[in-house]
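Structures incoming, each one as structure tokens.
Same chain, two partners: chain A is paired with chain B first, then with chain C.
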Partner chain A sequence: MSIVDPTSRAGIAIANSGAAGTTPRRSRAAIWKSALLDRASLIIPCVMLVALLLVYASLRDGVFTLDELNLDTAAAMTLLLAATGQTIVLLRGGIDLSIGGMISLGTVLAATRFGTDPGQAAAWAFGIVAIGGLVGALNGILITVLRLQPFLVTLATWSILSGAAMIILPTDGGALPSGWTMFGVSSWLGLSSSVWLLALLLVFWFWFKRTRLGIAIRATGSNERSAFLSGVSPIGINIATYGLSGIFAALAALYLTTQTGAGSPTIGKDYILPSVAAAVIGGISLFGGRGGLVGTMIGAFILTLIGNLVFVLEVSSYWQPIVSGIILLIAVLASSIAEKSARRSLS
Partner chain B sequence: MTELLNATAITKRYGGITALSRADFSARAGEVHALLGENGAGKSTFIQILAGAVRPDGGTVTLAGSPYRPRNPQEAQQSGISPVFQELSLVPDLTVEENIWFRREPLSAIRTVRARAMREATLELFARHKFPPIRPDQELRRLTLAERQVIEIAKALSRDPQVLILDEATSALGPQETEWLLGLAKGLAEAGRLVIYISHRLGEVRQIADRITVFRNGATVAAYDTHAVDDETIITDMLGRRMDRLYPERKSTASQTVALGLRGFGVDHRLADIDLDLREGEVLGIAGMQGHGQRELFQALFGIGGSRGTVEVWGKPKTIRGPRQALTGRDGLALVPEDRRNHGLLLSKSVRENLTLSVIQRFTRFGITDPKRESALVDEMIATLKIKTGTPEQLAGTLSGGNQQKVIFGKMLLTEARILLLYDPTRGIDVGTKGEIFQLMRDLAAKGYAILFYSSDLAELVHVADRVAVLRNGRLAAILEGEDNSERQILRAALIETRAA
Partner chain C sequence: MNIRRHRAILLAYLGMIVLLLLTSVVAPGFLSATHLRSTVVLAAFIGIVALGQTFVIIGGGIDLSVPWVLNSAAVLMTLLANSQDAPLLWIVPVLLAAGALVGMVNGFGVAIFGVPPIIMTLAVNVILQGGILVYTGGAPTSTAPQAIQFLAVGRIGGFPVVLILWIALAAIATFLLSKTAFGRHLYAVGTSATVAEFSGVPALRTTVLAYTLSGFTAALAGMLLTGYTAQAYLGMGDPYLFTSIAAVAIGGASILGGSGHYIGTIAGALVLTILTGLLPALNLSSGALLIVYGAVILVTVSLASEALSGLSAFLPRFGRSRGPSA
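Right after this comes the complex of A and B.
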């Protein structure tokens, strides 16, 4: 018997025919319809991505090539790393604004501390990731112990981290080792390091979401009380969630420096709300519990493609946020309509 | 036989309030032991102590002869005590099987959940206890309240507990699932387990319990062998005063005026061809197995979801497209919903705010509310319904289940609607309040209200309703009155032909 066959209900009903059979049978078509509606929040962004790609391809040659994939992945990767952490926090039912501050802090630390010695650079790279994890864990502790809104706590830590970044490097600049900035242009088997990083992220996600921690984060976002009654530790789950978010923000900062070759004390704020937008376009509920990284990735690519389109169309770049906003509204509206009809067709 | 579980002189205080003063309880392996008492008698506190969710201030508990002091729910479960709480511990966005095995998922070498092993374990568990058919891969939020309760039971059973605590577990279940659960409880007892069974339904207790312990005001007042005690005695022990009857006298007050007339009423494929007249002064019962259209009927009448057919309210055709249209003053309809904690009440708001939420216009002049008129309405309702609340400003979430239900009744009565839709209004509330609610229903009927009343407890329909309409597969199977209005006839009408369908 197939594990995910949506028609398996019938098989179980027969197996249990001795027990009370109160659930009316549903037709095959109805079962498929509800299976589709259940997955609507992922199908909708997929359709939007394909549509955008087709529009893009009609305006420009060479859209469906490895080069384009390499370029777009590199363009999307910083946002994607930041949005990975944000996804985990959103699944928990929280939000992390401090990633903006962490990204800024990460880039300025890298640009001022890496020096030229590879050993020192590597040590500092790990150090930055560790700082990300610690700051995130601190967010988690503050949220749990002080019983404060994640929005407010991470708003505060964002501000503190941004200030720290300003003190370290008041203006954009600094320098990174030349080997470090080669990361973006290196490739293997025709795929750039960014694409491999994307694959690595996917592997991480398919592992993580099936671990007990992954399930517990989703469960806590879905219903905190039930999760705690079932033995999830409130402080443990928050430390893990925000800690991971901090680590991914630090990774986003490191990746960003390989692209820009410099540090910037203000650049992080450009990723806060887009990371939330990418996740929401990808079908993640702001109320927690629902969605996954694949959706967020599609969302991040949609946002990146919109940037490309605006560029190709040679219109003012101010159109980018306008189109992004409209896409966000469409995605949210479409999944809410799908959710409503799913509920109607079932209850 | 020796005692498996022994609790002596358990005390628990919350601030100034004593929840348990001298609670004693002892039960053997191999029995179903009913724990009875009014809401507020200390049953919940007691089982929360057993479940490790609350720590007692004094007294001792022994399990199989050794001291039992769980520090948290996990320790209790490791000792073999699994509770099925009324307040569910399930997560809506996890699947059925993820919920059952949550925190105990079978893991692979790379620490991920082994989906196939989990599926097999789930199907094995379902088959072993003859569970009603529910897809293990379905997300919990897609399940009905009854199905969720069944999964809560599955979660408790998955730990293969030595002691299973069922707290009002049948209150969300339909008659068939209730039968199943009662059989399950007896089966577990026969297999040498202890089942602690808490229910407000004496019929069920009689059916399965070997012994009964009664709590009142935080202390144990009596313990019996079930066959050696009659219902009157049990109820007297619970109430501490002799209660004349649970059910009020039923004097037909129905007039010939039709308050709510349905012709060809239906909701997509789930409800069809309903012709029904609810008369002024009448309590019309609605019965049926779980999932045969009762919920759709109530929701559609209140304007939730679409419907077809004609609806006449007090003789005038009416289309109801949403709760706002249903709630139009004296000619409107008011609903007591199924899930009072999520749909009926704002738990974090005060009793006053809950009562007057739907009727702000009744004490508003030129867009400004008049607090004096509001508090007059609120005080009147609290007094009429005997709502036990410290002040009108107490948060609704801090009231007992019965009093929360009274607040919902008050909210509904304040709308001045004279057609009341009551969907399982006594679910999970104590005997004393149940009696008050039945009395209130008959009083309202006598005043000319028309009441449509669904209950998952057939006895309530038989004793409170003037007539009972039975639904089967979304269609009207029978309307029973007089002699025919009996549990046997209702079940017959609700069940016959369902097997063929």
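Right after this comes the complex of A and C.
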């Protein structure tokens, strides 16, 4: 199915080995051009983010302050955590729709089981993350053993998890300990806990992408067959990929409850497609193997900023989906065109 | 008939019959003519939306723009008609054409610009959603015209009108898939767009046509559904994203494209509707319904998957001497 493209990213060692040396000598300008085109999928969202920031700053004072950073990071963080898991799955060449169900289930479990005892709350927080990992691992097993499409398996588990959430808490509500909801307002060195969480995610990513697992996930997404021939276990990689996605969905749920202070059996579906959109705006290919978490973060901030812009422009909030959809299309079209011309300039 | 190729579709009908038998045991009133009739009418709405979805999925794509194409058609029809029958003569054709046009845009994005179907149709869906919300300001619209209500809930000689419509559409879909060049091209494109292109199949035109059809059926279902509920409301299309894809999957089509048939989707739509009707009879909550939906999708797609084809040893020998099916 997947075709090895020797002109693609230099970072993908497995797909690229052997391509070097066959490239004819090229002028400095051509090398720069191809280097730019090669990174277009990350440059385009960066340009979009800067443009949006400048528009936002022209409409409102105090955009480039720590307060604004703290607020925007808090607004983007749930989507960002969900999109981190989605990014890992997309890099492997899959998709995870079940994160919607896991986020709903996580919030209702937190809102009904935490109680007032800190020890109990901590135990359940770990429990929710463990459930996320287990559910994700189950997705991975079903996909591998039954040889089913990730889209269908996770559609089914999304439905099952949403159903479980609705049985536990039929309507929005429940309560969380007051200490728990203080997480969002706590800060250190002028930076809120959300910004520190963002930094932690970045550290995690730069560590993770160099681990054996990180490389194996990317290699499998690049070319499943050659990854398998290089010794990557198909079932192991799927359990790890979808398990991580489930864990991040659970973390997104926990973060969400610190913001809302309640559980909701239906809130998760608002994060499924936006998590894919954030990743795709950030230059991650749905065909696997390409992109990284930095792109996804930019994508998530772009989507969050659109919400802010609609707010300061004082137009109907219904404009938000329109602008998000257009930005999504522009990002995909631009990177697809850049990719095509990159291929043309090399061949 | 090559039964092996149709194993997945046969399984869907088998599942439906088993479900009906189970139902008649646990909820005896369920098999009455009245109840069956209302079940089939509800299945018709899913079936009509899933018609276009079937074509798109066979062609190797997916249409996530269904909810707001459906909703837009419903809202615009009630707004423009203002409860009058006469304007429907131009409103219905115009909205059907508009739905088809949205589908065509999806098709162009996917086939010409190479945008992944999930992203293309998702973007179109949110743009339509925002557009309709901005246009209406989120306010409710007037009631559906009488003529549309007749199409959705009326009967001719005791036979629901919408069912007649569904049967006619099913016949057209079956004809298109089984007897026309477009149908053969669609399976070819869904199996491998590259191979199809090199074999002289007009891949671009075939893909665009499939999405166009999906826009058309979603708009049609939106207007009919408005007749059924007597009013258009925002969010009325949302459940149809899940049910249209689920009906196609339960009906035995591979989400990768290249296989399946609308005949299977019909069984899928019926299975989903029977389950929806069955659970209240068992005093189960909507949460339980979602769990059952998920389990049914998992079980049916697993049974249809090649990995479990060993199980067919337990079934009658369905032409197993044949080579691997295309």
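Following the convention adopted for this analysis, the second predicted complex is superposed on the first by the 324 of 347 C-alpha atoms of A that agree within 3 Å, B and C clash if a C-alpha of one lies under 4 Å from a C-alpha of the other, contacts with A are read in each partner's own complex, and residues count from 1 in each chain.
Keep this in mind: a contact is a pair of C-beta atoms (placed from the backbone, for glycine too) under 8 Å apart; a residue touches a chain by one contact, two chains touch by 3 or more.
Values in this document were obtained by computation on a predicted structure and should not be read as measured data.
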| item | value |
| --- | --- |
| Touching partner for A:Arg210 - first (chain B), second (chain C), both, neither | first |
| First, second, both or neither for A:Asn223, with chain B first and chain C second | first |
| First, second, both or neither for A:Gly231, with chain B first and chain C second | first |
| First (chain B), second (chain C), both or neither touched by A:Gly289 | first |
| Partner chain in contact with A:Asp38 - chain B first, chain C second, else both or neither | first |
| Partner chain(s) touched by A:Pro265 [first = chain B, second = chain C, both, neither] | second |
| Chain B/chain C common contact set on chain A | none |
| Residues of chain C touching chain A in the complex | 62, 64, 109, 113-116, 118-120, 122-127, 129-131, 133-134, 137-138, 242, 245-246, 249, 254-256, 285-295, 297-298, 301-302, 305-308 |
| Complex interface listing, chain A residues touching chain C | 95, 142, 145-149, 151-153, 155-160, 162-167, 170, 265, 273, 276-277, 280, 286-287, 316, 318-326, 328-329, 332-333, 336, 340 |
| Touching residues (chain side chain A, partner chain B) in the complex | 3-4, 8-9, 12-13, 15-16, 18-24, 38, 207, 210-212, 215-216, 218-219, 221-223, 226-227, 229-232, 289-290, 342, 344, 346-347 |
| Of chain B, residues touching chain A in the complex | 53, 72-74, 85, 88-94, 98, 102-103, 105, 107, 110-113, 115-116, 119, 123, 126-127, 130-139, 142, 144, 147, 174, 176-177, 179-180, 289-291, 295, 305, 473 |
